[in-house]
Amino acid sequence: MTDVRVVIPGDIIDTTISAEDDGAETAVLRLGPGLAQVGEEISASAAGVLHNKEETHQWWVVSNRRRYVAAEGEPVVGVVVGRHGEGYRVDIGSAQDALLPLLAFEGATRRNKPNLTIGAVVYARVVVANSVMDPEIECYNSNTGKSEGYGELTGGFMFKCSLGLARHLISAKAPVLNALGAQIPFETAVGVNGRVWVNTESPETTVLVVNAIKNSEYLTVKQCKQMVRELLDKR
Amino acid sequence: MTRPDRREATQIRALHCALGQLSRVDGSAQFSLGDTSVLCGVYGPVDVKIYDEKLDRAHIEVKFRPDIGVPTTKDKWTESAVRQTFEQLILGQLHPRTLVQINIQVRQADGAVDAAAINAATMALVDAAIPLHSIVGAATCAVLESGAVVVDPTQEEVEQARSIHTLAFENKTTGSPAYVDSRGDFTMDEYNRCYDLCATSVERVLAFMRSAIESKVSKESKLSTT
Amino acid sequence: MSQGDVANTGQVVFAIEAFKRIHPVEFQRRFLSQETRHNGRGFSQFRATHVTKGTISTAQGSSTVRIGNTTVVCGIKAEVSEPDVKAPNEGYLVTNVDLSPMCSAHFRPGAPGETAQVSSEHLHRLFKGNVVDPESLCIEAGQAVWVLSADIVFVKYDGNVLDAAVIALTAALEDLQLPKAVFDSETGVVSADRTMGQGLTLRKRLFPATFSLIDGVYLVADADDAEEQLATATVLVVLDDNGHLVNIWKRGAGNISRETISRCVDDAGVRKATLTKELQDNTQKS
């Protein structure tokens, strides 16, 4: 992408498909988050940066927000807030609490299943998310039966951040995590619902990592490295 | 004619807007027109009470608190006016069975409070990334005893005015106002003059809103662009 | 129509009442697209309005207003009170709109709902100062003033709260007879002589007209309850005796252009003429 276009709600977006592609089978316009069709026109519904992929005619707006809206397949960090016959109720920050079935864990059977207490932190994947049902999450991949890193997160510390920062951290090229990882060992689980779990050998280091991540939100790569270095030096 | 604060009749007061100042809400904005300042915090989409739940769209709730004292029926009136302005502006069908709560707190009142409240609510909704059809801006005009029309009146001018006109326009649809509240004793001619003046002032407000949103977005997307 | 016909044409036949309930928007649209309304009125036609003054003998001023199937009773009680220290020679006008479950199933018992509160407040904004001069309610500056408590009670509700309430309050204020009050500066007591009533001089009378936008396209005057349920936007226009505007209040979504609003003002002028006649014809029936 060469130039960055910032859109605000109500902006009309010209998504005209170029002439040579027109009529071809691939010429289907795909609208992602932040865009809506109003009559014949496509208009932005959120403020953010407009992105598009020429080849697939995909358009979407990347915007930051603080409130999570569940979407299928996304990894989330949640807190168990209740338990009933079928499963746990987990707060993942969305409008309604998510349901985590008792057997949605690796190797769980009717006889042998994990026992989570209220307040436990779990790393899970959203499997059901639609407007008519409460979201449902699970702590394993139901196709392979393996946990794939999901499950209860013991120890450590969980904090909240904006969804934009969480998305950035999860994209694996976050400079703050790389810079920290080069100096000190730590474990982290990032949910796209704006919740991050961090665990290190000592509480002091955990606090340092949490602060570094929180500070990194509006910093460039260079500023980020500088900030991490300063924090580590102060230790 | 000179105004108490030496402004031109067609000149609005200094605009100021700060986004995301409140840390515990999903989106917030402070919007000021000179000495009138309004703070707005938005939650949404959040869990809704069973009684308010709508199966096909989000429920929208507005809470308006005055600068002095507890809310009265006066504030209920404003709540209703603001809610009806935003009800169709918010794409509520994208988040059925949820609640979008708009909390408005007047910090300082010096005329044109309703307009400032509508502007603050728009900015807070944008900050919370609630899906919107478009953005809306509002402005107030007053017709003074002398028959002169002034825009964005202060409280002093409001008290001397023969009629007060608050109009809101969407960014998209020019020529049809989203909200009109004209009260007092006025003629159709005076109404039309206020309409024109409000429309041009709202254009300025909307342009200001756009630049405020753009600077917020570019600050947030710094990481991804470098 | 036999079963076979239904299958062949793909049409489903409803009883009209069922259609109205199942798909109210489509039901109204069928009429509106034909330039008519389900109640037989034209788009800019108001319902017949009847005003009767002095319907409650125990109140100082009263009226009953019927707009089609909407019936409202307004009673004004005058009481003596101390003025506010900030405005020692101004009396009060207190408006209270009551929409109880008696008048329609839309309203719930208990504390006043939003419609009632907003209407009360809007009436107060329209009448205070504009219609009733607060200083004309002064008995003795800084000592005693009149408090006019106007209760606007809906008996039957079929749409258009504000029009009905504004007309009822205007009529009741015209009907108002304030007892002659004398303030005794030695005892600090106000004595009122009920036999010597005098009317209150109103600055102006108000003539309202409400228009509702249905389905985003059709603008209808004086919507009834069924139409009001589907309205996305409403415009209230209030005129005074001189034909000056007192209020233009457009709420809700929907594009109502500037031209449409000026057309509403013209229609409100036509209605004003009929209302003026109605208010004059029915003076002092009791």
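Think of it as A, B and C in the order they're written, each chain with its own count starting at 1.
By definition in this document, a contact is a pair of C-beta atoms (placed from the backbone, for glycine too) under 8 Å apart; a residue touches a chain by one contact, two chains touch by 3 or more.
Molecules present, by chain and UniProt name: A = Ribosomal RNA-processing protein 40; B = Ribosomal protein S5 domain 2-like protein; C = Ribosomal RNA-processing protein 43.
Source: prediction; values computed, not measured.
Shared contact partners of chain A and chain C, listed by label: B.
Simply put, of B-C and A-B, more C-beta pairs touch at A-B. When every chain is reduced to the mean of its CA atoms, the largest separation from chain B belongs to A. Nearest to the global CA centroid, when each chain is reduced to the mean of its CA atoms, is chain B. Centre to centre, using the average C-alpha position, chain A and chain C are separated by 53 Å. Rounded to whole angstrom units, the spacing between the C-alpha centres of chain B and chain C is 28. Look at where the CA atoms of chain A average out and do the same for chain B: the two points lie 32 Å apart. Counting partners per residue, chain B has no residue that reaches two or more other chains. Shown for chain C are the residues in touch with two or more other chains, of which there are none.
Touching two or more other chains at once is no residue of chain A. In the complex of the two chains, the chain A residues touching chain B come out as 4, 6, 8-10, 12, 34, 36, 38, 43, 45-49, 62-67, 69, 95-96, 131-132, 164, 168, 216-221. For chain B in complex with chain C, the touching residues are 73-74, 76-77, 80-81, 84-85, 87-89, 173, 175-188, 191-192, 195. Those residues of chain B whose C-beta lies close enough to touch chain A in the complex are 25-27, 43-48, 55, 91, 94-99, 126, 128-129, 131-135, 170-172, 209-210, 213-214, 216-226. Residues 114, 117-118, 120-122, 125-126, 130, 232, 235, 240, 244-258, 260-262, 265 of chain C touch chain B in their complex.
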